[in-house]
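As written, the chains take the letters A, B, C and D, and residue 1 is the first residue of each chain.
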């Protein structure tokens, strides 16, 4: 059914952490989440189709059709200090404001059904120029995260008020309203192309926070397999900004865009 | 009732194949479906009005008003090897993403009510130049179709990921989620005008796949009777693409648009 | 309640004719309907607010606020040969496709509740130039109206397929689906300003069709009192066309826009 | 729950007056309402998230995330002649026409639940130039307010029909339909930046009307703390106007924009 998450397997998780990485600027969050999922060896347990997703399908090189969708994976902790995970990724966000809030609620409903304790959302921060060593920015819904983020050189405080556009922001904001705290990690990216380099910077922080071991050697290759071209992602992003009455301009230092 | 398919006659079909041809690029799918329906001598059994269809009506040359709608026809197989058919055509698709998904679900609901086994969707593939002998491309939701398509010189594999925008893609993608396999056949077309030539190429493959006999002599004439001007169809298509954040550009070889 | 017609008085009507004149090109339909209502001495019996109406209010010269709304009036036939009337007018149509279909259904629901037998919708036909003696065009949902319209020099047949954008078309098209026949009368108008001249041409036909006596002397003055500026109406119209993927151009002879 | 006002404390009010100040042109209404709330020492009792609010969150300088929301405060009258108050403010209005009507109904539902007797909405009037002493304009839903407004040099009558775009207009218009009278106070503002000067002019009238004592010394400073940049507010406003088919132009004297 379009509009309802199809749960085809019960995830074997206990008090899990939810990690979201959907398409956004530079596809940073999506690349990071997909790589994490592949390297950990997660199991897919649910899929979501929404009528606010873009009304098209993809044709893979083989000629096979793929719908626009979000997929849910779970992973059982292996070692002391690790946590069970639910990972949300996919090839689209919603195309309308109402759709973005609806998607947020669907994801949170599923998370709460399985006892999610914290939400980590992953995304890019467009800075309009190419950087060698992308910095990672953080935003939180609970002050208690801040010291630990600073220890890991994540930039938390800023000169001026910023924004997180799309699902990476809404999951945290509405999650907080529902009592689930969380963090958004944003890697600097030019915004001009798919950016596995920025995704690696984000994953590097995430894996240290969650005490995960993830090999990065296949990250670059995997990024290239991402079906949606970054040009399309940029247009989707621009559309969302226009829908909100925000015209996208060259970002300046005090006016950086956080999208994930 | 707007929003509900009005079934005014029970279709006499057994395990039918559904064929969709609604307005899209070059009106290829619509021209093909209308010609097929006329030549086979189908019976209309249902009509759908949706509030996501364009809020206007057409005035025919006679002064009579026609609503924007989708019509459903059925046809009973005549010979060994043929299959019963349900054909969906009309003068519009929906104008919003939500409306396109809603239309998809309405059509699939009707199809499943009457036991549809497979879905064939017909459309155009805009290549931005006029061709003498339009090639036909295929996309599928089940690998088992591929050998047979290749036998008929349908191009299935491609160099890069593509898209099917609109109902021809959604019917297959969401149909697959519901367990109904299918094929999209797309005829090359310039995208500049109504293209009965491309429609004929598509019909040629379709009739061989379904073992139907269809005379093509009246196809050209019938195409001209299509009420909606292709200029309007192009604008509708551009609007849908803009709604999805995709700006329409000149298609290049690795960036062809599949719309049906 | 927004979304429900507030009926504050039972209309004393028997098998009435419904007449619609809402804002559109040149405000022809609205001016005609308002003048007719005033001259006949109708009674207001219902009001409709919809969430698809524009989210603003008007401030009258006195400083009093007026909502965007549609009003319903009734009139009891006075003489042999006349029919009871329900007149629908107001300061807005809906701003979205879904809203236009919703408005159509609300108006038809009310009409059917009181036994409406026929629907007459009034509008302008933009021709992009100023004319001295505007011609009146007609479109119908039942062939039997055509001879009588031709007698009155209404132009019914045309060279190419046309359109009626907005509520004047939908009321007839969806009305027909519900079994109520009707006519759209469209007066030629430049589309550049409020056009009482075109409204008078339309009223002239309407009053002969319905055997009504209406003094036209106050029509010009009344038109000037229309609150919404035609510039705004043009923008609303352009917005509706854009929503449907139709970009407004200079109309040519075979491409005239019918909006009412 | 998104879409339902979360009332987390019963407001101790008797027949209160409701005051609305949400983002709009120059943020005049919002600055005025926030200052009033702070100086009076109000208590927050409810919060509203809507799926028509912009799908993003703010990141404060501290790194903490803030959702887009409307907050409700109450204040108990202290002296003879004062009235209990409910103040509505926040960082956003809805982004769609349907959303604006929905927001209006949610606010009115809450107001009626607690016996609101009158509604005062606060906003800016964009005049396209900077003025030293902003005049205050008024619009009402009940004539009986007019003499008192004129005593206070509020301009009520005008040369031509005007508009109030957004929630400040809808609350009054739909409030009137529900039987609650009210006033909109609009301070002249250039529309180019946050305008505490205009907010002070509006507050000056409001406090005299409601016999409130409010110190203005911290108003300028507080305005600077407003998170949303006025550039964004202008874009939101322009978006709303475009959604209604109104293109924003330079306002002239007889074509001033009232937005609040």
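Brief remarks follow.
To be clear about the criterion, a residue touches a chain if its C-beta (ideal position, glycine included) is under 8 Å from a C-beta of that chain, and two chains touch if they have at least 3 such contacts.
Since we're looking at a predicted model, the values are computed, not measured.
Of all residue numbers used at the contact between subunit B and subunit C, under half are used by both chains, marking a mostly different-residue interface.
The angle of the rotation carrying subunit C onto subunit D, fitted on C-alpha atoms and rounded to the nearest 5, is 90°. The distance from the centre of subunit A to the centre of subunit B, each centre being the mean of the chain's C-alpha atoms, comes to 35 Å. Averaged C-alpha coordinates give centres for subunit A and subunit C that are 50 Å from one another. Multi-chain contact residues of subunit A, defined as those touching 2 or more other chains: 240.
Of all possible chain pairings, those that touch are A-B, A-D, B-C, C-D.
Residues 2, 6, 49-68, 95-96, 99, 227-229, 232, 235-240 of subunit D are the ones touching subunit A in the complex. The touching residues of subunit B, counted against subunit A in their complex, run 94, 97-98, 100-102, 104-105, 138-141, 143, 146, 156-167, 169-170, 172-174, 176-177, 184, 240, 242-247, 258.
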